[in-house]
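Heads up, the next two complexes both have chain A, just with different partners, chain B and then chain C.
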Partner chain A sequence: MTPFDTNRWVGVDGAALLVGAAGVLARRPALLLASVVGLAALAAARIDEAPAPTLDVERTLSDDAPDPGDEVTVTVRVRNVGDRALPDLRLVDGVPPALSAEDPARLGTALRPGAGATVSYRITAVRGEHDWEPLVAISRGATGSRERTAEIDADTMMQCSPELSATADLPLRGLTTQFSGRVGTDVPGAGLEFYATREYRRGDPVSRIDWNRYARTGSLSTVQFRQERAASVVLLVDAREAAYVAPEQGVPNAVERGVDAATGAFTALLESGDQVGIAALAPTECWLPPGAGAAHRARARDLFATHPALAPTPGDGRYYASVELRRLRNRLPADAQVLVFSPLVDDYAAKVARRIDAYGHLVTVVSPDPTVESTPGRRLARIERENRISRLRRAGVRVIDWAEGAIDPEIERASARWSG
Partner chain B sequence: MTDLTHRPSVLSASLSTLAASASLVAVALADTNALLVALPGVALVGGGALRGSTRLVSLGGLALTGGVVFAGLAGGGPEALLLGALGALLAWDVAEHGIGIGEHLGREARTARVELVHAAVTLLIGAVAAGVGYAVYRGIAGGQPMAALVFLLVGVVAAVAALRRRRAE
Partner chain C sequence: MSRPDPLVLIALVAALLGLGIVAGAFGVPFSLRSAFVTLVGLLALLQGLRYAAVRRSTPRRATDVEAPERRHRVPVPGDDVDEQLDVAGGWRGRGVTVREKVRDRLRAALVETLVLRENYTEATATDLVDEGTWTDDPVAAAFVAGDPPPFSLRRRFALFVSSESAFRHAAARTIRAIDDLGRDESTAGTRERPGASSRDADRPERGEASW
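Our next item is the complex of A and B:
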């Protein structure tokens, strides 16, 4: 960038003239002499020029693939590779927007040709793929009368994949696949929970015969259990721009909490034998069809970590509400249940949940609560959200209202309330 | 988590208060009335530098300059006036620079090096100018004060006019 005037010496000429003029009018040569100091500084400022910062920037991370929540130390080494001294150099590092630095990622220094400086700061890793932006260098001359800015690239990338750790078992609803699993059905067969007894038929296993009853009445009968089946579940994360809401600065936003919860749910469901898929309401397309197995798990981990639709900061692009909804509907397998992760801060998410429910997919909404009560407007937003939740519940959609903290207690509380 | 606070650095504020105090002492030795003008200047520069107010710092610099003028009108010696002017310049310059650093980088960042280099450069420029000026003054002292004064005046006005003109760019 071309240098420009900082205008910081404007007015000093007036003060110098004032001193000189007072000396002339009062015939005090010493006073006229004193104005020399100001004039000399002005002259220096006049000939001073901001040197172009020709810097060699090297950025190193203590860990370029950390786990979420890990502390990573970033060290930036800067060296003046030009042949002019940089007497006034201000450096601001381009920390990725989703990360927040614990220490200032900024440095003020002066560098002789060949000299170097180091700034290091700690960041707390959050899920996602993070690209560092260029370092901004502001260079001024020694008197600060001229300034120029330069951006210096040093490609650095950090990839932070979440550990797939399971949350409490999410209560699923009675829509199942033909595979055996843990969702209780109303079909008698092999299982754990007592369902009914029926008359003995030839060929029934001896262990299933109700011997107590035989002793009492003399007739043979067979015990039947509730058959348990696996479900097919699609985790639908609301990652539209409207969903990027947080109660305050520095707190994970609703999308991050939703993705965290979805990650936990994914593992829990996969471990209990259900087939799990991932989808997002986002400008960028995101779809992983329901599946099982180690390869599916690895694909999901990668998707949770790096998919742009699930990034911790909103992406670019427009979201075409009705098109996306239709596409999602066409993709959903007929026997799939849907777990929606949405803060429910606008009517659209609630509409999606009800629409999918109406298409015959049983829907459970997990809703991280981003609302606060500090101003009347925020209180209104909270009430609107509560109304949306109760409307959804009236329509037969299950909602877990997740205030803050861990999700497991909320799931426990919700499952205690629901039946079957 | 640290957000950029835009608060000015403490080091610059302390250095500028020190320079302002030096200016105050120099003019106070020449004239007690000058003390009354320069004293609020010290408070304004110091307070402005800590609070990050360029306006207060400029007012303080002006008050310190006023102190120099009063001391000169009361017949202060060239040594005291030069020292007073140098202190005033340094106080204003360092305080303003510290505020700018604070706006760019915040108080928490490591900025001591750039602040010290800037203060040293300004001190050097001012001291050299004062030294040369003082030597010339001593050299021509006792000559034709009025004629020298007129030429000096013309020189000062021409110099200021030249310095005021913006770069053609």
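Our next item is the complex of A and C:
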């Protein structure tokens, strides 16, 4: 970048002239001489130039693949590889936008040719793939009259993959696929829960004969259980720019909470034998078709950690609402249930949930609540969100309204309500 | 060749003139020791004041680096409404359009809340809003009905001396009134609600809808 004037010495000429004038008018030679000092300093500032920083930057992380919540120490070593001294050098490191540093990620120093300096700071890891932005070096001359800036790249990346730990079992709805699993159906067959008794037929296993009834009535009958089948579930995360909202600064935003909940749900569903897929409402395409098994699990973990659509900060690009919805509809397997993770802060997400419901998929919405009541506008946003949830519930869509804290109690509360 | 700066020419002529005076080339009508020196001092004073004034109007410049230690800031839901309320209260031309927008949004939210929390049909809810009988707060009722707010003299004075605009105050009261709807069952039950008998018969029962 080209150097520019800092205007730091503007006015010193005026001050020197005023002192000189006072010396002349009061006939005091000492004051007149003092004004010469000011003029000399001004002359030095005029000829001073900001040296271009030629730096070698090396950034190291104490752990480049931490778990979410881990503390990572970042150490930046800077060395002046140019042949000019840098008398006033300010360094500001490019901490990735999704991370917050607990110490200042900056340093003010002076570097002789060949000399080096180090700055280190701690960050708390959050889920995602984080690329460091270039380090900004601001250089000034000795008088500080001119300044120039340079951006120095030192490729550094940290990948923080979420632990795939299961949340409480998400209550799924109704019959879906032909594989055995945990979703209760209205079809009698193999299972755990009592369904009905019927007249004994030849070939029925002896263990299924209702002996109490035989003792009472003398006729043979067979006990039937509720057949349980596997579900095909797609986790749909609302990651449009509008969904990046939070009740206050410094707390996880609604997309981060949604992805965390989806991660937990993914593991819970997979462990209970369901086929799980992942999709996102986001400018960047994100789709993992429903599947099961260890390879699928690894793919999902990678996707939750690194996919740009699910990043903790909003991405660039425009979201084409109707095109994306049509694409999602074409991809959804006919028998798939959909779990939508959205803060429901605008009408679009609610519309998507209702539309998918209308296409014949069973929909459950998990909605992290990002609203507060501190100002009139925020209070209105809260009212509108509550209304959206009520509308969805009236339309037959299940909604888990997830206030702050862990999601498990919310799921349990919702399950109790749904089964009651 | 570029034209010489007139100020440089004046300075050159002044310097030559000065040297000539000092060398005694010209006869001067004043003493070099007193009046002339005072004149130079006054000129320096004037010029010094002029340069000092330049300092006042010249901002210092420095590279602006946003704090990289902080996380990316995301908005809080409803910040857009607060921003609109600030614009709507001002005297700028945009205010009128924004005022209409805010009023429409509040009205839509109110009708929806009446339908969902108090179980009115949409038509009845709209009538209630137009009549202003949905709330006990006359300012909120007038605000969504599009009437001028019936502020008391005391309130008018309070708004006049405070930094809050009348529009913002009325909007905030309306939002509070909407939020209070259906919150307190004991008052909601005793309050007279015209049109409550014509509730939507097709609406699912409360127990059914309370997923």
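Following the convention adopted for this analysis, the second predicted complex is superposed on the first by the 419 of 420 C-alpha atoms of A that agree within 3 Å, B and C clash if a C-alpha of one lies under 4 Å from a C-alpha of the other, contacts with A are read in each partner's own complex, and residues count from 1 in each chain.
Keep this in mind: a residue touches a chain if its C-beta (ideal position, glycine included) is under 8 Å from a C-beta of that chain, and two chains touch if they have at least 3 such contacts.
Every value quoted in this text rests on a predicted model; they were computed, and no experiment measured them.
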Exercise. Check the residue A:8 against both partner chains and state whether it touches chain B (first), chain C (second), both, or neither.
Key: both
Exercise. Counting touched residues of chain A, say whether chain B or chain C comes out ahead.
Key: C
Exercise. Would you sort A:92 into first (chain B), second (chain C), both or neither based on which partner it touches?
Key: both
Quiz item: Which partner does A:104 reach: the first (chain B), the second (chain C), both, or neither?
Solution: both
Quiz item: Can A:403 be said to touch chain B (first), chain C (second), both, or neither?
Solution: neither
Quiz item: Which of the two partners, first being chain B and second being chain C, lies in contact with A:358: first, second, both, or neither?
Solution: neither
Practice problem: Using the touch definition from the top, say if A:247 reaches chain B (first), chain C (second), both or neither. | Solution: second
Practice problem: Have a look at where A:321 lands relative to chain B and chain C in the superposition and call it first, second, both or neither. | Solution: neither
Practice problem: Considering only the touch criterion stated at the top, classify A:115 as touching first (chain B), second (chain C), both, or neither. | Solution: neither
Exercise. Please work out whether A:18 is in contact with chain B alone, chain C alone, both, or neither, and reply first, second, both or neither.
Key: both
Quiz item: Which chain A residues are contacted by chain C in one complex and by chain B in the other?
Solution: 5-6, 8, 11, 13, 15-20, 22-24, 27, 92, 100-104, 106, 138, 249-250
Quiz item: Which of the residues in chain B come into contact with chain A in the complex?
Solution: 1-4, 58, 61-62, 65, 68-69, 72-73, 75-78, 81-82, 84-86, 89, 92-93, 96-97, 100-101, 104-106, 108-111, 113-115, 117-118, 121-122, 125-126, 128-130, 132-134, 137, 145-146, 148-149, 152-153, 156-157, 159-160, 162-164, 166-167
Self-check item: Residue ranges of chain C touching chain A (in the complex, touch as defined)
Solution: 37-38, 40-42, 44-45, 47-56, 58-63, 65, 68-85, 105-106, 109, 112-113, 116-117, 168, 171-172, 175-176, 178-179, 203-204, 209-211
Quiz item: Any idea which chain A residues touch chain C in the complex?
Solution: 4-8, 10-11, 13-25, 27, 92-95, 97-106, 121, 133, 136, 138, 147, 149, 244-250, 253, 312-314, 343, 345, 370-373, 375-385, 387, 390-391, 393-394, 398-399, 414, 417-418
Exercise. Enumerate the contact residues on chain A facing chain B in the complex.
Key: 5-6, 8, 11-13, 15-20, 22-24, 26-46, 87-90, 92, 100-104, 106-110, 117, 119, 138, 142-144, 249-250
